[in-house]
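Presented sequentially are two complexes of chain A, the first with chain B as partner and the second with chain C.
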Partner chain A sequence: MSDSKGRLPAISRRDLLRTAGAAGAAALVPDAVAAATEETPALLSPAAARKGQDGSAAPSETGPFVARALANLTARETEILSAMVDRLIPSDELGPGALDAGVLRFIDRVLSESGSNAADAYRSGLAALDTYSRYTRGGPFIDLSTVDQDSVLIDVQIGAATGAGVGFVGGSGSFFNMVKSHTWQGMFGDPEYGGNVNFVGWDLLDYPGVRLGVSPEDQRDLEADQLEPVRRSAYDYGIFE
Partner chain B sequence: MTTQLRGTDVVIVGMGAAGGVAALPLAEAGLNVVGLEAGTWLDQRDFAPDEIRNNYRDWPMLVKKAEQERPTSRATSATRANQIGGHPMMNAVGGTTLHYWAQSWRLNPWDFRMVTETTQRYGASRIPRGSTVEDWPFEYDELEPYYDRVEREVGISGQAGNVRGRINSRGNRFEGPRERDFPMPPLRWTAFHDRMADAARSLGWNPFPGPAAVNSEAYQNRPGCGYHGFCNKGGCPINAKNATHITTIPRAVDTGNLTVVTRAHVTTLEVDTNGRVTGVNYVVGSNEYFQPARVVLLASYTYENVRMLLLSNSRAYPDGLSNNQGQVGRHYFSHHQGAGVSAFFPYDLNSWYGLPAQGVAVDDFADDNFDHADFDFIGGGNLWVMSDRRPISAASMGTYGQSRNWGSAWKRFIHEHSDRTHGSYIQKTTLPYEDNYLDLDPEVTDPLGLPVIRITGQFKDNERAIAGFMQDKMEDWYREAGAIEVNRGGLGNTMGASTHAYGGTRMGDNPETNVVDRWGFSHEAPNLGVLGASVMGTSGARNPTLTSQALSWRTAAHLVESWGDIAE
Partner chain C sequence: MAPTVKVSLPVVMGAALLLTGGAVTGLRGQAPTTFIVESPTMTTGRFMPRDYSPDGRNLSPPLRWSGLPAGTRQLAVISQDFGAGRPPPWVHWIIYNIPGDAGGLPEGIPFDPDHPMPAEIAGAVQGNNGWGLPAYRGPAPPLGTVHNYHFAVFALDEEFDLPPGLDRGELLLAIEGHVIGQGDMVPLYERQPMNQFPR
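Coming up: the complex of A and B.
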């Protein structure tokens, strides 16, 4: 069902709204709904299930989500990626994070579209991340404390995650930047692509939303901090459906 | 097996900013015109305000001819060129005008007479060593009627600063005299624009709203701008951006004299034994066609214009069409738009809505608008502050040392500051030099197996000196408006592929240093015209599109007037 605009064949947020109604759409937001409902897609019940009370990673078996692989990554790769993006944009007292926003689903779709090179870059990078964690912090990445996870990611970001057998192709920094770029797109891009679930990314930025027209009055309201945010996908406007 | 098509009067290769404008006067004059376009027709429904699609995936539904032919680049001939980065141009009816920023400037009169003016005011020694810059073969006054015509045909909004010598300080007091006002008033300003304009005035400068090919009010039965914020690399969903696919091209089609052929990938031009052009070879999918024509106008952007000529070898032109003097690819330069400056403010800018063409401009340091006696460069730059912000790019802002760029502390930073940064690219006078040029890459080819263009180009001392000077001015401006942090980019080195690429088929009276004559027709193949910034010999400090369009109209008008001489 890929259409003439080359959009994704996967189910869009708009389709879900149509078929499941508002309750079904709300179920996409793990924090908004008790994760117990049967409709909750397993992919989308992320951080809360994984995280222990003390902020350290809970055993992966307890999260329904990490037990299940994405279309392009194994279950093992998925849980490493999950732990990584959860540190890049954590769920915290300021609000939902990357996992809540559906960033994993976004990345999975990117990999489906981009072909084998992108998936290979993820596979080798995630394996290298895990190897580096074992060599330097004494355990797999998902079992490290958040403090150790962050320090590993800093090494990866600045290109310092090196050493015999670690195996970052083209330097750890390029892997980090690739994941970060996709995470940012999944957090702050249009929900059409599977991320930014319930507009949590736009809420974080106080982005006033997609409008087709902004009147002088709208601009003045924005400047007076009185413009109500619009929370619609571009593709919710009739002209683009 | 090549299909021989029925002949036509004129073939235009490329239905973009330049070819899409030239088609109109030709069709209106009754000439039969075939417009060959590698891309397709797009309409409002294709222009969703979607940052991922526009700014990160480069419009995936497009024909990717330009992307597959992106040039390689290197600083000097001593190194090997690399194919890095994307191609900035797009293939569609309307070309890059579909998603361009639409700033629509006239060049300053000085830009047409740079050598003479510099020599008279400062002495010949001030022309930078190694530069091949020449005066244009005509002056600003010659092009003014065509600027005027295109401003109306395409639809340009702006504030005049000089109408027939009468200066209006609300506009650009440094601009050349124009016959009359813009057809539309300028785009509106936000409170941040007002603040920046006040800051400029308090520095003693002359701020003004810049010109844009965007409707500020209803024009030609299309609405005024919606300021929705996705104009940067985005098409306009309400048809308020005056791309040629909704302005000049449909009007030319309506005459019944223009046929637009889409998905037509032109490969070479054919010539006869006398050196006259006979037509154009193109492919659509796996089908090959030859379109005979009495006149061919090449309008496919700077890199592709040069490439097409160099790929079209013949007995008459063994080193490429119209290249018997070795000038094709020479006098190349890309606008120095690097060396940007960014600023961090302690207040929200409310820049979520707006467009790059909605700006405060300062021209006090452009061209020769100030005395260069005590400086070590000629020319200058245009300062431009616009309203342009989208969520992903906002969340990717620099953190000015206040946090890592991810994690919980970053989340708090971005929550507070995502609307508090501003970046300026600064457009600077850029000169041609003898060792900056385009040729065919010896290794890299497109999917058809044809070599791509190789850029050998480097910004020299004059460009880098302007860059440093302009960064000082931009920092002064930001600080005056209350910026608490200012960052600067590097001064520039290698010229990569650019949307402001000039030269390669330069226009001039001397056939030993120029490919086309003062009308835009080849010095060697008399029924071959070239359209676009590849004919421009100087850049000025501002966007090239309107000048390219005015020149295209002028070349087309000349062809109509001189049809017998050129086509027979």
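Coming up: the complex of A and C.
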């Protein structure tokens, strides 16, 4: 997606927040994401591994990341996808990132519901991303530095990885945009769909929440930046069921 | 210091047009002097290393310059391909607010605007390239084609404090009338299928 001047969006979360008009989002202390079970073996994110977290449910500043094995991707594909969405919206001083928000679970649901074509697009795209990383940066995507990961993703985003013959189907930019769109949806969509765990995406945007009405007092509080956000799924309201 | 090139105004204007792709940037009625632009890793007329393209690490290449005109207070660099873009040129890189006493640019300028610039070019900022990104992105011409990549360096008589993210036209407009010297180098690049790369 490009803006009115044809410029590509930057991929940093800071710019994402600026675009969303949510400057000044406060640091958050979310509840922990559900821990893995024996039935759903866990993968630790690189960020979590660096912090020495073991995937237990102990709360931390940003909450521990636990990615359940996905139904539609192999463990290796899940690792690559995990590293990619972790760079699209990383956990940082502004708050939890895409992994904390359960974006992987959201994407897995999307793949389950949208048929095999989407899953095939993910599989071929993730394989091409890894091949491109090995050819150009000398190692698999998950092992690259975050700087090189970002550099790879920029090249994928602008389509520069396409002509290299590494297997992107329909252009590397198409793959990037598909994953980016799903990441955005999983981060900021209604938690009913599997992402936005503990409403961390809405907190990041200072979204006031789903409301059935807004009183004059609410409006005044909103304008004074004192409105208490509602943290309920739209599906918690009977009229949406 | 390089001597002033004494040629007629139409010739100078023609040279400026060739170098900048249409914008007139020199001081009114004066010819910008030319100076030398080099690179420790690239040569005009020769293929540039793959690491300066998306077939490699896509680092910005190092540049050096010498013979700047007296009175140079700041520099700006535009990397562009006159064989691409609708209309040409396709812009690969823009960097400006470069201190006048800098002798060049080191390899691998950060693409993250939050990452500080190297000390020798503190204050420099990057403009938007053809992809709308304020960063260097190297050549990726269609397979089987050789393209020329112009690294144009402009010596300016004023110390600007331009905001990041200017595109080529905005930068050329901002520095119009303040270019007292120009230089460039033009390496080549041809993309190879990646299965031909050594792993």
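Convention: the second predicted complex is superposed on the first by the 166 of 241 C-alpha atoms of A that agree within 3 Å, B and C clash if a C-alpha of one lies under 4 Å from a C-alpha of the other, contacts with A are read in each partner's own complex, and residues count from 1 in each chain.
Throughout what follows, a contact is a pair of C-beta atoms (placed from the backbone, for glycine too) under 8 Å apart; a residue touches a chain by one contact, two chains touch by 3 or more.
Predicted model, so just to flag it, every value in this text is computed and none were measured.
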- Message: Taking the superposition on A as described, I'd like to know which of chain B and chain C A:137 touches: first, second, both or neither.
- Response: second
- Message: I'd like to know which partner A:108 touches here: chain B for first, chain C for second, both or neither.
- Response: neither
- Item | Touching partner for A:223 - first (chain B), second (chain C), both, neither | first
- Message: A:150 in the overlay: touching chain B, chain C, both, or neither? Say first, second, both or neither.
- Response: both
- Note on the structure: Comparing chain B and chain C in the superposed model, the one touching more of chain A is B
- Taking the superposition as given, does A:160 touch the first partner, chain B, the second, chain C, both, or neither? second
- Message: I'd like to know which partner A:89 touches here: chain B for first, chain C for second, both or neither.
- Response: first
- Message: Going by the contact rule set out at the top, does A:235 touch chain B (first), chain C (second), both, or neither?
- Response: first
- Query: Where on chain A do chain B and chain C both make contact?
  - Reply: 5-6, 150, 154
- Item | chain A contact footprint on chain B (complex, rising order) | 44-46, 48-53, 56, 60-61, 188, 190-191, 226-229, 237-238, 350, 352-353, 391-392, 394-396, 404-408, 411-412, 414-415, 418-419
- Given the complex with chain C, which residues does chain A contribute to the contact? 2-3, 5-8, 10, 12, 14, 131-132, 134-137, 147-148, 150-151, 154-155, 158, 160-161, 163-166
- Message: Can you tell me which positions in chain C touch chain A when the two form their complex?
- Response: 54-58, 111-112, 114, 128, 131-133, 135, 137, 140, 142-143, 191, 193-195, 197, 199
- Please give the residue numbers of chain A that touch chain B in the complex, ascending. 4-6, 87-90, 92, 94-95, 97, 150, 153-154, 157, 180, 184-185, 187-190, 192-193, 201-202, 204-208, 210-214, 216, 218-219, 222-223, 234-235, 237, 239-240
